[in-house]
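Below is one structure; the comments refer to it alone.
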Amino acid sequence: MVGRTIVSAALVFSLTVAATATEAQDAPKTFTIGAHMPLTGSLARSGQAFTEGMQVAVKMCNAASPKFQVKVDLIDDESTPAKAVSAVEKLSSDGAVALIGGYGSNIIGPASDASDKLGKVYITAGAVSDELTKRGLKTFFRINNNAGYERGIATLIGDLKPAKVSIVASTKEAPALLAEGLEKDLAAKGIAVTVHKFDPAITDFKPIINKIKLQDKPDIIMMSAYENDYVGIIRAAKVLKPNVKLIVGTWSLATPKMYTEFPDLMNNVVGTSFLPFPVEVKDEEGRKFSEIYKQSYNKEIEYLSTLSFVETMALCEAIVRAAEAGTLDKGGLAAEMRKTDRNSLLGRIQFDETGDNPNFALSMGQHRDGKIVLVSPKSAATGEIAYPALPW
Amino acid sequence: MTELILQALFSGVLIGSVYALVALGLALAFGAMRIINLAHGELVLLAAYMAYLVESRTGLDPYFAIPLALVVVAAASFVLFLLVDRIKDHRELNSLILTFAIGIILTNAILLVFASDVRTTASPFLQDAVSLGDLFAMRSEIIAFVLSLVLMGALWWWLKSSWYGRAVRAVSSNRGAAKLMGINPTRIETVSFLVAGALASFAGVALYTMSVVQPATGHALTVKAFIITVLAGVGSIPGVFLGAVLLGVTEALTVTLASSALQELAGMVLFLLVLFLMPNGLFGARARRG
Amino acid sequence: MLELDAVTVRFGGLTALSGISFRIAQGEILGLVGPNGAGKTTLFNSISGLVKARGRISFNGREVTSLPLHKRARAGIGRTFQIPQPMHHLTVRENLAVAQVFGAGRYDEKRIDEILAVMELSHKADADAATALALQELKRLEIAKALATEPKLLLLDEVLAGLESNAKRSFMLKLKELHALFGLTIVIVEHDIETISGLCTRAVVLNFGQLIADGTPAEVFNNPAVVESYTGTAHA
Amino acid sequence: MPVTSNASAQAAPAAASQRGRGALIGAGLLALALLPLVAGASPYMLGLLISALILAGLALSWALLGNLGGMVSFGHAAFFGVGAYGSALLAGKLGVPVLLAIPLGGLIATVFSLAMLPALRLSGPYFALAILAYAQIFRILATELDWLTGGAAGLQRYPGLPTVLGFNLADRAGSYVLVLACVVVFALVYMALRRSHVGTALRAIADSEDATRVVGVNATVLKTWMLLLSAFIAGVFGALNAHIIGFLEPDYAFSGIWSVMPIIAAVFGGYRSVLGPIFGAVVIYLFDQVIAKSLIPVGHQILLGIVLAIMVLLAPNGLSGLVARFLPRLAGRGLSNAEKGHA
C-alpha cells in the first residue's frame, strides 16, 4: 500500500511539475498574452482562423514597439467550458498579462468569469450573446456582438423591402440568437417573417426548403447557421429552386474560401463581410496585415482572422501603453483598454463601460463570379447589389 | 400540402437508401459475429475522405475513388476484425468498448490528416437537379439510390446462393453447429468484415457526393446505422432497406409536418418504440433477446 | 402440495409438454422418468417459472402459473439444474448467502454452515464457486443452494448422473437424509430404475411431452407403454 | 474509513485485519487527495483536479451500473445533463439554496431515469444505445423547451456555490473539497452496497442471471435500483459541475463527452472495482490535459482512443486488475475484490 501511495504521489507531482515547469524563463521585457481557442471539436475551423490572425497581430505589434515585446501562449479549449476555465487559470499562473478568448458564448462566459476573478483583462471576438455584457465585469472586452450582425443584415434586408423573409436557423447558440433578433427587427420593419429551426445534426435540407418554396413563398431566404449548413441549404435550394429573389447568410459565408470550394453554390449569395475581394484594403495597417498574412499562410485574409487580428492589435497596444505608464502590473490594463479609440478594418473600435464595442456593425458582401462586392450599408458599398440574383 | 408530403416521401426514400448502405455493413458484421461495430460510421467516413482525396488531388469524379476506398476501408475493417477477434472474455461488452475506441482513433486520425473543414463534392454535374414530375432530387442522390439497390440486391443474392453466403448465415445462426459442419467461423467472420468494409466504401463515397462530411460525422453515422439495424431486426437485408427508408421518411415527414428541429427527436423516438415494443424489429426473422 | 392441471408448453410450433396433470403430496419423493427429450426439464422449468406454461400450476393451494421466477423460489420451490449453474464470481458461501437472503428472506450464518456440512462442502466454503469446484462438488452446491432458500418442494434434475454405483448409493442415502432433515417434498429426474425404486415412493413417466404412466415404481416399470418407450434408455 | 455492518457479517474472522487495512488505505488515499491543498497547488492545477473529480464521480456512476447492474451505458450524458439543468433551474428560478438544489438535481435525474425502465429488459448493445437515444432526446428537449431552459442560448444567471461557515465553496480550494467529499461519499456508498448481500446478488446476476433468479433474487428490481442510483450520482455531479462552471447550454450539458469520458476512465481504471474508475478518471484526465495535449495539440483524443483499445485488449480489468495481479499482497479489498472472481 505504501508503495502504491508513493507511486501515485510521484505521478501527481510529476504532472504538477510538468504543468508548471514552463514558468521559469521570461525575457525581461516580453509580456505573455494567454489565448484559448477551439482547435479541436466542431468549432476547430474557427479556432484555426482566429489563431492565424492573432499571430500576425503579434508580429506587427512587436515590429512597431522595440521596447516591449509580446508573445502568445495558446491552449486548445476543445470547445468545452471547463477546459477553457482551466486554460485561463493555467495561462494566468504561467504569467499571462491578459487573455484572448476563443469561440462560443458558453465557453467565453465561464472563461471570462475566471479571468475576472484573477483580475486579468479578457478580450474576445467570438462571443456575441448579450448576456455576457450584462454581467458588469470590469475586465471583459469584445469587439463584436449579436447586435452588429443583426444590424448589418437587417439594414440590407430593410433596404431591399421584401414582403416576406424565411429564416433557416440552426438551434446552436449564436445562430439561434441571431435568428431571434432578426425576427423581431424585420417584423418591426413590417416584413413578414417565418423561422425554420433545424437541429445541427441534419444534412438533408430539401424538406425545409420545400416547405419554404410551397408554403412560405418568401422573397428572401436568410440562413443563420454555419458553413456545413450553408452548403446543405443552398444545395437543397438549387435542387428545388424556390421562387425567391436572394439568399442571405451571415458569418463565414461571404469569403473567398467558400467561393473557391463551392463555386457553383455561392454566386450571388450575400453574407456578412467587411472587405471586398479581391481585397482592396484602404488603410495602411490592413494592407500590412493582408501582406504578412499572405506570406505566412499563403491565403487571403478572411473574416475570422481579421476579427482576431483587430482584437489582438487593440490588446497589444493597450499593453504597451500600460507598460510605458508603469501601470501594467498594477491592474491598469483595463483602464488602458477603455481608452482605446482607433480605426481598423472593422471600423472604429471603442469599448464602453460593459466592455462592448458599440460601433460594431458589419457590411454585407455578395459573391459575384469569384469576387466579393460590398453591397450594404450604402456608406461602405463598393458596388450595387444584384437583386434579384441567385446561385442558379 | 400533398405536394409537400410527396416531396418529403421522395427525399426520405432517397436519403433512406443511403442510410441503408451505411447500415448494411453494420448489420452484416453484427449478424456474423454478434458484435456491434461502433467504428462502422468512421469506416464509412474514411471512404468519404478517400473520395475527397481523389477528387481534390486529381480532379476526377469522386466515383473514381471507389477502388482506393475499397482497399483502404477493407484493410481498416480487417485490422479491426483482427483486434476484435483477440477478445476472449465478455466478448459482447468488451468488443463494444474496443470498437468504440477504434472509432475515436479513426475520427481523430481523420482530423489530424484532413483538418476539420467541411468537405463535399465540387462536381456541378452531381449536384444538378433532376426532376421527376414535380419531385426534385440531386443527380448524386439518384445515382446513390440506384447504387444502393444494386448493392443490396447483389448482397442478398450472395448470401442466398453462394457457399460463403450460406456459411455466413450458418455461422450467424449457430456458431457451434457451423463448426461441426466443417465451417471455419473465423474465416467466415473475416469475410463478413471485409464485405462490411466494402459496403462502407460505397456508402462513404455516395455520402460524399450528396452530403457534407466532417471528422465528427462518423459517430452520427454509426448511431443511424444502429437505429436501422434495430428497426430492421436481425438477419434481414430487405428489412435493413425498409428500416432505413422508414427512418428517412420519418425524418423528412417530421420536418414537413412539424419542425426540422425535431427531426432527430423523431428518429430517436421511433428507435426506442421499436426497441421496446417489437423484440424482432419490424422485419426481423429472429428475436433480439434470448 | 403441488398440483399440475393440463400444463402445456409450446416453443414456436413444437409442443414440449401437452396437458400434463398430476399432484404431489406433502413429503413424497417422486421420480420423474422419461427418455431424453421427453419434457422432464421443461416440466421443471415450467414449475419453477423459467418458461411460461399454459394450464394451471398451484403450490400449497396458491396458483403460481403466472408468478415470476423469484417469487416461486420465495414461495418454497427450490430447484437444481442438470448442468450445474453456480453463481459466477461468488464463493460457495456467498452463493448460499444470496440464496438464503433472497430465497428465504433472512440471513442465518449457522444454517449456512449446517448446509455446507451436510453437503460436504465446508472445506470449499470460501473457494470460487465457478472455478475451484469439481463436477460432483458443483452438483452438491446446486443442492446446497436450493436448500439455502429453505424450500418446501425440491426439484432435482439428474443429480445422480455420472456417479459410479457406490457413490450413487451413498448419495441416495444423503437425499433421504435431506428429505427427513428438512421435511422436504422431492421430485427427482432420474433414468436409473433401481435408483427410482430405491428412492421414490412414486414415479411419473413422460414421453413426447405427454404423461404416460403414474404409480409406484414397480407399477410404472411394468407398464407396457413405459417399457416400450423406455427400452432404449433404461435397459441399455 | 468506516466499514459497513454487512461487510463484517460476511468476512468473519478476516474482517478485523481487512478493516484495519481498509482504514489504512482510506486514510492514505484521503491524505493523497488533500495533498494538492496542503502543497498549495495553483488554481490551474486545482481546476484540472476538480474537472478530473467531476469525471471521477461520473465514472463511478457509470461503473456502478456496469459492474453491479451489468449494463453498459453509452449515454450517461442524459443523467449528467438533467441533473445540471435540474439544479440550475431550481436554484436560479425558484431560489432553492444551491447545496439543496444539487441533491435535488440528482433526484430529478433519478426521476427522469424512470423513463428508461423499459430499456432494462434489453441486453448489451441494445441497452447501451437506447440510453444514448435518451441522451439525444433530452438534449433536443432542452433545446426546444426554451421557456424553461433558455433554449440554445442556455442558462447563465443562476447562483454558484455558496459560502458555508466562512468557507467559500466557490473558490477553487472550496470547490475541490466539496467535489472530493462527494466522490468519497459515493465511493463509500458503492463499497457498502457492493459488500452487502444485494451487491453479491448483483454481481451474480451479471453472469448467471437464471441461476440467480431461481434462488429468489428479483433481478429486475435490483437492476432498477442500480439504474436509479447511477442516475442519481451522475445527476449530482452534473449539478455540481453546473454550479462550478456557471453556464449551461444543451450542447454542453448533454455533450457526448459526458458519455464517452466515463467509459474511458472506468475501463482504464478497472470498472469492476470501486477505486479503479476514480483513479482512472484522475489519471486519464490529467494525462489528456497535461501530457497528450502538449504532444498533439489538435486531435489528442487519439491517444485516449489508443489507451482505451490497449486496455480492453491487454488488461480488461484495467489498472486495478493490473495492481491486483502484480501486487496481490499490497492490494486492498477495495481494489482486488472483483478480480478474485475474474481471475
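We call the chains A, B, C and D, going by the order they appear; numbering starts again at 1 in every chain.
As a convention for this text, a residue touches a chain if its C-beta (ideal position, glycine included) is under 8 Å from a C-beta of that chain, and two chains touch if they have at least 3 such contacts.
Just so it is clear, the model here is predicted, and its values are computed rather than measured.
*Asks:* Where the contacts of subunit B and subunit D overlap, which chains show up?
*Replies:* A
*Asks:* Using CA atoms only, can you tell me which chain is the most central one in this structure?
*Replies:* The most central chain, going by mean C-alpha position, is D.
*Asks:* Please work out the Cα centroid separation of subunit B and subunit C, and write it as a whole number of Å.
*Replies:* About 49 Å, centre to centre.
*Asks:* Would you mind pulling out the distance in Å between where the CA atoms of subunit A average out and where those of subunit C do?
*Replies:* 74
*Asks:* State, to the nearest whole Å, the distance from the C-alpha centre of subunit A to the C-alpha centre of subunit B.
*Replies:* 36
*Asks:* Scan subunit A for residues touching two or more other chains and write them down.
*Replies:* As it turns out, subunit A has residues touching two or more other chains at 40, 44, 171, 199.
*Asks:* Residues touching two or more other chains, restricted to subunit B: which are they?
*Replies:* As it turns out, subunit B has residues touching two or more other chains at 111, 261-262, 264-265.
*Asks:* Among all the chains shown, which pairs meet the touch rule set out at the top?
*Replies:* By the stated definition, chains touch in these pairs: A-B, A-D, B-D, C-D.
*Asks:* Please give the residue numbers of subunit A that touch subunit B in the complex, ascending.
*Replies:* By the definition above, subunit A touches subunit B via 40-42, 44-45, 48, 171, 196-199, 201-204, 206-208, 210-211, 214-215, 227-228, 231-232, 235, 238-241, 261-265.
*Asks:* Can you list the subunit B residues touching subunit A in their complex?
*Replies:* 3-4, 7-8, 11, 15, 111, 115-118, 120, 122, 124, 127, 129, 136-138, 211-212, 214, 216, 220, 251-253, 255-256, 259-265
*Asks:* Across the complex, what residues on subunit B touch subunit D?
*Replies:* Spelled out, the residues of subunit B in touch with subunit D are 36, 83, 86-87, 89-90, 92-94, 96-98, 100-105, 107-109, 111-112, 219, 223, 226-227, 230, 261-262, 264-265, 268-269, 271-272, 275-276, 288-289.
*Asks:* Applying the document's contact rule, which stretches of subunit D touch subunit B when the two form their complex?
*Replies:* The contact residues of subunit D facing subunit B are 66, 72, 74, 118-119, 121-126, 128-130, 132-134, 136-137, 140-141, 143-144, 256, 260, 263-264, 267, 296, 298-302, 304-306, 308-309, 312-313, 316, 342.
*Asks:* Quick check: in the complex, which residue numbers of subunit D touch subunit C?
*Replies:* Contacts found on subunit D: 9-10, 197, 200-201, 203-204, 206-208, 210-219, 338, 340-343.
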